[in-house]
Amino acid sequence: MSEHLPILMVLVPLLSAPLVVFIKHRKASRVIATLACALSACAAWTLALQMSSAVSYPLGGWRPAIGIELRVDFAGAYVAAIVSTIATFAISLGTRGTREDVVGREMFFYAAFLMCVAGLMGMVVTGDAFNVFVFLEISSLSTYTLVAMGKERRALTAALNYLFLGTLGGTFVLIGIGLMYQMTGTLNAAAVSARIREVEHLRTTHVAFAFLAVGLGIKLAVFPLHQWLPGAYSQAPHAVSSFLAGTATKVMYFQLIRVVVSFFGVAYVFDTLHFGDFLLPLSLVAMFAGSLSAIFQPSLRRLLAYSSIGQVGYLTLALSLGTEAGLNAGLLHLGAHAVTKTALFLIAAAFIAQVGDDRLDRLSGLGKRYPLLSLGFVLGGLSLIGVPGTVGFVSKWALLEAVLAGGRPWLAFLILASSMLAVVYVFRVVEVLYFRAPLANAPPLARERADWGSWVPAGLLVLVSVGLGVWSELPSEYVATAAQSLFGGAR
Amino acid sequence: METAITVVLFVLLLATAIILGRQRNLFAASMLTGIFSLVSAGLFTVMEAVDVAFTEAAVGAGISTVLMLATLSLTEDVEAREKKISWPALAVVVLTGGALIYGTLDMPNFGDPHAVVHGEIARYYIDRSWDEIGLPNMVTSILASYRGSDTFGELGVVFVAGTSVLLLLGGRRSELPASGESPGHERPSSRPPGKRHAHVREMPVVRTVAKVMLPYIVLFAFYVQAHGDFGPGGGFQAGVILATAFILFGLVFGPQELVRHVPPERLERIMAVGLMIYGGVGVVAMLLGGQFLAYGVFTPSHPSHGHHYGIFMVELGVGITVSAVMIIIYATFATRRPSLAPQVVLDAEDRCETEVSADDVPLVPEERALRSGADLLAEGAAGTDAASEVPS
Amino acid sequence: MITDVLHVIGAFFVVVGALFCVIGGIGVIRLPDFYSRCHGSGITDSAGAGALLLGLMFFAPPLVAFKLLALVAFLWVSSTVSTHSLAKAAYSQGVRIENVPRKDWTIAPPPPPAAEDAVLADAASAADPEEPA
Amino acid sequence: MTLPNVWNYWAVVVLMMVGLYIVIAKPNYVKKLMGLSLFQVSVIMLYVSMGRVTGGTAPIYILDDGAPRPFVLYTNPVPHVLMLTAIVVGIATTAVGLALVVRIREAYGSSEEDVVAELDRREVEAANALAAQRAAESDASSATAAHAGASHEEHA
Amino acid sequence: MSQSLGVGVALGLPVVGAALVALAGKRPNVREAVTGLTGLATFVAVAALYPAVVAGRLPELQLVEAMLPGVPLMFRVEPLGMLYALVAAGLWPVTSAYAAGYLREHHEQNQTRFFVCFALSIFAALGIAFAGNLATLFLFYEVLTLATFPLVTHHQTPEAQRAGRVYLGILMGTSVCFLLLAIAFTYYAAGTLDFVPGGILRGHVATSSLPLLLALFVYGCGKAALMPLHRWLPNAMVAPTPVSALLHAVAVVKAGVFAILKIVVYVFGLDLLRDTGASDWLMFMASVTILLASLIAFKQDNLKARLAYSTISQLAYIVLGAAMVTPDAILGGGLHIATHAVGKITLFFCAGAIIVTAHKTEVSQLDGLGKKMPITMAAFLIGSLSIIGLPPTGGSWSKWLLALGAAEQSPVLVGVLMLSSLLGIGYLLPIPLRAFFFDPPASPAREHGHGHGHDHDHGHAQDHEHGEAHPLMLVPLSLTAVGCLLLFFYSQHVVALLRPLVTP
């Protein structure tokens, strides 16, 4: 049974979606959905912990290059474990924050959510270029709909804008895959990387990589192509915004790493194409612009969305170094940011559940009223800044080491300067929470513990982020082996 | 000869695309989209891609045009105003196009048999797929067996599309008319009284011919489903054609009639059943010791038979889900009661906006809750609690 | 020998079919108002496509020839009905021959619109029939 | 440098760019969706023209009494398989897009991107103005409360 | 290494104290008692480590094997850390008693949060004192900033929030941008972050970049309030006086200079700096800070602001000591941590007492106050003497050692020391002297006649019959005054404790 783990991770959520629609029972669909995510998470964790080398699972029984092969290496298992765990946390919020007319039809909401999870998990484990596009489309399509389920009418426009940009991104990826197939004649990752050597000098190969990079860049919300992210994350229902914040951009980032490392090869991408020199300025701009605009946002979730754009800047910066240490830092930051940002969005959801709106002026003075939630936000915020003792610090430290090893100390200073901006917007919220008198004419506030479901997952994730901050050898060793196996000492 | 036809088709396609861009009347534009798909299906046939041509014709020309027309009946059918050429868009387009053209410079000649792309896996499929799977139509054998997971994912996409449309538009179905189905206009059309079409239902000629043609379309759909192994066809095309038959029924006899005969609740279940059949076949293969979707294990003695059964079952699952989804999507669009919210139009200077009210049909209570744009702004200006006061 | 004769007949029908399509096309462009243009497009559907398919039957093996025959029958039924429904819908929307300005009236100018047509008349003006946008 | 015979791809690229232009430039959402389907159909053309082999027949075995005739040149079937998926993805995205456009038309009263963006902007402005007004109110009331509270501090 | 348990107890006690205080939230007496008890217990636990440190067996405790790849969360108590811990733990019970009285008198809100943060700050200070490597030091350095932030913005008034923003901005900014960068660079260059007597950078860093690295470290420790980055200290005076007393005279600022001393001794190593002369620029900057801060202190009429600027100049003494790198200078700097702490806390206690009882905050209002508050003014006199460095108080010894060190370097530095002592006399001594020998300002109400409404008298009348400060405040400030005197006689113990620092 255990050799079927790679496909089970994807199959369980994917098949429980039609099951939920078939059963059409409102309460049962939520239980099935949570169970499916939990099972997928268990499969991912067992695979991650017990695998000694990269696992290959030939679908349909065909030889890898002929049929489609699921290829899970350490990094893939790491990302899959994170995605499925965060999905389990997010789904437990259920249909909070969705529109009224979803009431009779929760089963479709859960089906779309499960398909989104299956899509993302599929993207992480598959080793075939076109299969990546198919799972990309599954997850994107369900994401557009889930975002449109938000309470306000602005969710609809956010979803449609996301659809246009997302589909353009997907189609760019499709063009990239097509050109890559034309140049190498095969779609399997290992086969492509073997054949890419002969066609490295051809212009079509350069253009293929360019389209793949731009397509994934749109899905990754790299700076100039990020317009869809703030609206989508701030208008989506709670479960969806928490899930997306933690996983969507992270899986696309992992896919960009796979394209750079497994498909095209690091030597080609960084030496002939000088992709690093192109990606570095973009990520610096993203880091500063994202955090800067986060400072001036009126509502909590928009603030967190813009901070996500800033954090994506760190991810792409790590990749642009083109060294194994950079990759290690990128993967670590991927995990750290996933945990932290999901915790923060869950807390924002808990606030909205109590206060009805996440505009900052509505949250003033909640520190006294909801001490635990506010403390959770403070710890999450600290992890976002990268204060020692939180998992954010571990990944920022790895990034600093990678940058210094790359011989660019001025870059290290820029990283720290941009995390100063994070200090500003986190403590802006802290000030609103703790040091402002509550609104005189605010409606009466429900007791904090009234709504278990919304803050227990948040609390757990905050504890994880602080715990991993101190006992950091668990993630960093695993990620180091993942980066080493992925990188194979190419540079 | 072939290049001559290709040139003509490309010119036709380009003309259609350009006119589509400039056309302000959206009904005409949707027709042009249908023409574009049909001509591209022609081009695919010329390029010997028969399966793709069949699907493109069925899906592109058939379903997407019908959906666009259904949408236009619920929204405006004329584009607001002719926007001048937007230079940033042109810049992006020229840049992307330039990159692609730059990419084509090193491509092998069009149709060159010794190109790399025909080497690797294509050579394997052409040489070995008859022995390993034994289906004349290579595309179906690759589609369903070699790259079975792709099609499984694709079916997932179709399922998500169905679920999404149900989630988005399933909310407000117009109530089924009382017992006696008056052939008149149950659906208050959003058009001013004078401009209402004579509904298709009063056209006896169309009703009788439709009654005659429907069985043949359904029969053809089943033919395409079964014929997938031998010629162009398969689950997708069959599902779409079956759906077209039901859509024709819905168009001619009215969406209420369609919903009465094919209730959406049952359709939603059928939609899920198809995907579960496909997944089920894969899981059975796993239980019998092979990998997911390894049909060979069904009949260990000679695996190609296993593949036949596997592919047939899988194609059946695909056909079921695709037909159910396409019907559901059409039914949801057709039975969605238009909200009759007055159309908000920005005047030339983008500042104040004038409201062109479609007609004076009173808003239905639920629409009050949805608060169309105009009322909201009026309230906002008046300073009372605007949208932000969401009932917590 | 016999096949050459069949091919010649077939080629003849194909050419005739193509000719009808061209005539239909010109008809759609040149004819002034909606209904005559409907007539033009009708020609390409029935006569043009019909003759073309008929001509191809002479080239194709028997099974394919039968399929083409079924196709001809199907085409003739569906295209005529669609033209009919198009015309009826246009009529119900108030498209009238006389509303179209015409240089040389071979027939007498239309009587002033009677009362019962008033509703349809103003609708017609509102609907601004088929202006090539 | 001899230009390879790739005018076929250029035609496809031109169609693609017309589609892309419509998506980016046209404000009407339905027109954008049409542009999007144009863009996707032309990508399908790129794949299919990639797989074309001059003189090759359709990728269906020509059977002579049960066995495929040897030495027949077939076109490359793999792009056709991939494109079946792309077509279905295109129609799925169009269907979801159209459903969203209908909902937006109902909620906003318009299906034009610039009108909807304008309405959104005004809604946010109204919300901000309301928040500022409420903050001013609460400051005023809390100031009075603080003053009243000054005389009898509670020993927390 | 049985001592590792001792280190754990010493660190754990404040946290337990904080938790207990949080639990005893609503009952003030229980809360104050708990704080006082934990303060004493912590002092005892820290003192218990003293014999082991003096004997050279440095107690060690490793909590987490690898907080960062290859860097454990590890504590090792070396002499300098011992001194700082003793100072912080010693003064904590005294301050908590004082705070109880002050808050009672001053009717503050949410005092629970005050005491919890107080305990956490001490926990962080001890963490910094005992830190075994740079990463642990940085961790507790940040915890100290975060623990003291709510104390600075305690009043929740707009000015308090603005002060909090400046406080956090500068401290967090300098620590993240400079200190973390320096630590990362050290780890990258030296491969380890442990504090090793004699330094870890020898041979790993190009001599040309040593001054830059030192600058990053020094300005990274924003808490040392060196001149360009000192603005947060005067702003933080808006906090209640016990906060200014313990934190901004003892725990927080001392953390900054303590970190600088530790880095100079254990990361760079004295001989490395002496050979490369990398710290010469620091001597110049420290002297500029000393003089400039003393000058600004002159024109500060507000009592607490004047004390704040005097703190900035005194801290620069210690940084100067570190920069001079000669053994005497290091010993002087270390001793000055203790003497300045005790002296400055006395002054702040007196200032607090004056504010609460006499409701006077400006220096000009203090004439003739000695008659009403003799003990407070006497303590203020003793504190001032210690700060200036005159004989009967401990401050003289540390000034003396610093002067010896300066003599080895250059006569200019000796001049700077002497000039700053003069300036110190200028802005500190007149306060107690005017309080004792000048008569209180003629009360303006009398000449204006009785036209005024009675409320004016009410304010004025209350001014007359106040006597000495509340005993809960009087006892701590006299204790610390006595402490200044004791340090004069027993400073050789402190010097003996620090001796292993400088002996190779």
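The chains carry the letters A, B, C, D and E, assigned in the order they are written, with residues numbered from 1 in each.
Here is the rule we use: a residue touches a chain if its C-beta (ideal position, glycine included) is under 8 Å from a C-beta of that chain, and two chains touch if they have at least 3 such contacts.
Since we're looking at a predicted model, the values are computed, not measured.
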item	value
Chains touching both chain A and chain B	D
Reaching chain C from chain A through chains that touch each other, fewest steps	2
Furthest chain, CA centroid comparison against chain B	E
Most extensive contact between chains (C-beta pair count)	B-D
Chain closest to the assembly centre - both centres taken as Cα means	A
Chain whose mean Cα position lies farthest from chain A	C
Distance between chain centroids, defined by C-alpha means - chain D, chain E (Å)	61
Geometric centre distance via CA averages, chain D-chain B, whole Å	15
Inter-centroid spacing, chain D versus chain C (mean Cα positions, whole Å)	38
CA centroid of chain C to CA centroid of chain E, Å	98
Multi-partner residues of chain D (at least 2 other chains)	20, 50, 78-79, 82, 85, 89, 92-93, 96, 100-101, 103, 107-108, 123, 127, 131
Residues within chain C bordering two or more other chains	none
Shared-contact residues (touching 2 or more other chains) in chain E	none
Chain D-facing residues of chain A, complex	130, 133-134, 137, 141, 144-145, 148, 153-154, 156-157, 159-160, 163-164, 167-168, 170-171, 174-175, 178, 181-182, 187, 298, 359, 361-362, 437, 439-442
Chain A-facing residues of chain D, complex	20, 23, 29, 32, 36, 39-40, 43, 46-47, 50, 78-79, 82, 85-86, 89, 92-93, 96-97, 100-101, 103-104, 107-108, 116-117, 120, 123-124, 127-128, 131, 134-135, 137-138, 141-142, 145-146
Chain B to chain D touching residues, read off their complex	2, 6, 10, 13-14, 17-18, 20-21, 26, 29-30, 32-33, 36-37, 40, 43-44, 47-52, 55-56, 59-60, 63-64, 67-68, 70-72, 74-76, 79-80, 83, 85-86, 88-90, 92-94, 96-97, 100-101, 104-113, 117-118, 121-122, 125-126, 130, 136-139, 142-143, 147, 150-151, 153-154, 157-158, 160-161, 164-165, 168-169, 230-232, 236, 322, 329, 332-333, 336, 338-339, 341-346, 350, 353, 355, 367, 370, 372-374, 376-377, 380-381, 383, 385-388
For the chain B and chain C complex, residues of the former touching the latter	23-25, 28, 192, 194-195, 197-198, 200, 203, 205-206, 209, 212-213, 216
Complex contacts: residues of chain C adjacent to chain B	74, 77-78, 81, 84-85, 88-89, 91-94, 119-120, 122-123, 126-127, 133
